[in-house]
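Note that the chains take the letters A, B, C, D, E and F in the order they are written out, and that residue 1 is the start of every chain.
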Amino acid sequence: MRVAAYRKAHFNAAHRLHNPKWSEEKNKEMFGLCNNEYYHGHNYELIVKVVGEVDPETGYLIDLKYLSDVIKEHVEKKLDHKNLNIEVPEFKDLIPSAEHIAFVIHGWLREQLDSKYDLQVRLYETPRNFVEYPA
Amino acid sequence: MRVAAYRKAHFNAAHRLHNPKWSEEKNKEMFGLCNNEYYHGHNYELIVKVVGEVDPETGYLIDLKYLSDVIKEHVEKKLDHKNLNIEVPEFKDLIPSAEHIAFVIHGWLREQLDSKYDLQVRLYETPRNFVEYPA
Amino acid sequence: MRVAAYRKAHFNAAHRLHNPKWSEEKNKEMFGLCNNEYYHGHNYELIVKVVGEVDPETGYLIDLKYLSDVIKEHVEKKLDHKNLNIEVPEFKDLIPSAEHIAFVIHGWLREQLDSKYDLQVRLYETPRNFVEYPA
Amino acid sequence: MRVAAYRKAHFNAAHRLHNPKWSEEKNKEMFGLCNNEYYHGHNYELIVKVVGEVDPETGYLIDLKYLSDVIKEHVEKKLDHKNLNIEVPEFKDLIPSAEHIAFVIHGWLREQLDSKYDLQVRLYETPRNFVEYPA
Amino acid sequence: MRVAAYRKAHFNAAHRLHNPKWSEEKNKEMFGLCNNEYYHGHNYELIVKVVGEVDPETGYLIDLKYLSDVIKEHVEKKLDHKNLNIEVPEFKDLIPSAEHIAFVIHGWLREQLDSKYDLQVRLYETPRNFVEYPA
Amino acid sequence: MRVAAYRKAHFNAAHRLHNPKWSEEKNKEMFGLCNNEYYHGHNYELIVKVVGEVDPETGYLIDLKYLSDVIKEHVEKKLDHKNLNIEVPEFKDLIPSAEHIAFVIHGWLREQLDSKYDLQVRLYETPRNFVEYPA
């Protein structure tokens, strides 16, 4: 009985899209308002998808309380109420676009979860813009 | 022209997560508050996904009014305002976790729908916890 | 600067609508499926509204983190994953309708909050049915 | 780094489901209220999914501002506040069911987007009825 | 114990904003796309608010199942899948703006409900535009 | 015919809650994570409520397209993708709490709108925390 289970979480953060190898002009042209040197921010909504076989003893694919605790400890604690560019080492040389944030979160969770589970991360930067990794 | 069509439905029910082969202690440890012997409950939201070829005569994959009626008759009538553990025979020996409820709903709908359609069920136990079967 | 501040919370519970002074027939007629003797349940969404003057030192009407902690301690702990009829003393002689649950929650919060604040409670039993106390 | 990026948009339109090859009776039987000769309408919600490789220079799969502009120009301008049956040439001989509208929107966007991207369209006719093309 | 109880409903309809006393130019200028002579449409969401005293025998302000039936019979049946300008007599000489539709719905419901209840109607024309009557 | 009309808008911004008259310790204690010196951010959702008499010539209380344009010009342009503490003069000596932001937005809109309209602003800092001014 192969199922997917999903858990929703959220965090608020500031960020700036900026490529240090480019001129100010090229950055402004590419990233527009998102290039603001003083930062802007979002309420990020995160949906973590885990896929695998249901355990007949519990009826669970994975204990979603446990998954929620893993997300709190390994994602929210690192990102919530942070400035992604300044305070999160993973974005020292990586532009904190939604795509890259989803990739980084996926990496953090992949380390914590048993390899028997498939894992996918969906990240809403706004209710109108969102990404998924892996596709 | 292969498409997916989705129909949303909902039902309210009480349930308890409990494995009768286990001690009280092990049940409490595994299921926490969800093991409450007096039950608790949810507003379940159900999304039924049907996949197949569009009929060029109607522009429909499937008449969603018909699909809605099938869900009312074969899912809502059996689950809405029920105690899943006591009143739904399928959960006599099956823990009514979201995963198992989705599996049971899928079985009921699979029997009703033409085999030319692929079928997947998504079940929200809360807006933050949800499952899909098959994955 | 008089403002309103709102905080959203949620809890899941089982309940049954039943007036013990009435016959089974009258209960069934009045409460329909909600009268089910084995209970059913809901994901209740709660919105607490506090009204008063903003503190110019903090920019806050009330610290919403504090309000959230009060709700957790004095509402969620008492109601979440409970059977309202059996496990919540306030409903021993009070039918746990949405109206009455909102009234009880209001009473619990009123005791905790400074009397300088006005207080109103909105309770969603489902996304389609909800109540407010006081009106 | 293969990801999916999504952009949400919306438009309001009137339509009527009617097969001119059929009798009035058969149309009424098949399409019910949706066959109303004077039209009815919807707030359509559109979610466009693009899949491909992230550009390491920008952190973007695709500039969602650009995607939003493409949707405005090539979808919203053609459909928003229109009568689909009368004013949109694509539906001259194609019933404007949700399935067909999604198919037509997919075609319009496919012409605009680089072939390196995979493309999928989800269309909500109501919050309870929605479709996806391709499945 | 004075409370408010709310019930949500919805209907889909086509309409056109047009003042027959004005020139085509003035209509276009005032109403823009909403003046389209071929109509456009919406998924209207309706929230009906009833205010009064809770009945201690039932715990209800009003039976929301009954209120829902009244809305179905006296609002949805008249408006759902209709062309408001052509098929709803109340809009023969009244522009079917959201404000006027809310006013008309309020009148229909006011006739059905006991005068001991206060009544207010909120109508969403889109998720971004909505009105309330009376204010 | 006195009605209320509402228009929804949104903007993304970075901010920091900090009272310069206080010690670092007192700021941390009062504002917690929101005091982060490197800022954090939100997707703010704004709902503007206008109250008054319907114009029988148009069926409008106020043209919501016009109201939307006023919000774009006088609110979004000033706040969207900004650092509220650094880039918005109104917050030079005013802590950018949700309460204060709502107050400032209300002032900007009050200047633009005809005095015949009553005006209220609701601001969501997150889906769980929101404020209204005036109460």
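Quick note on the criterion: a residue touches a chain if its C-beta (ideal position, glycine included) is under 8 Å from a C-beta of that chain, and two chains touch if they have at least 3 such contacts.
As the structure is a prediction and not an experimental result, all values here were calculated from the model.
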>> Quick check on the interfaces: B-D is repeated by which of D-E, A-F or C-E, going by over half of contact pairs matching?
In response: C-E
>> Validating interface symmetry: for the copies chain C and chain E, is the fraction of residue numbers used by both over half? Same or different.
In response: different
> Of all chains present, which has the mean Cα position farthest from that of chain F?
Replying inline: B
>> Counting only Cα atoms for the centres, state how far chain B is from chain C in Å.
In response: 28
> On chain B, where are the residues touching two or more other chains?
Replying inline: 127
> Each pair of chains that touch: what are they?
Replying inline: A-B, A-D, A-F, B-C, B-D, C-E, C-F, D-E, E-F
> In the complex of these two chains, what residues of chain A are touching chain F?
Replying inline: 10, 12-15, 33-34, 36, 38-43, 80-83, 86-87, 126-127
>> Give the list of chain A residues in touch with chain B in this complex.
In response: 1-9, 51-52, 54, 57-61, 63-65, 68, 118
>> Per the contact definition, I'd like the list of chain A residues that touch chain D in the complex.
In response: 17, 19, 21, 30-32, 94-100, 102-103, 127-135
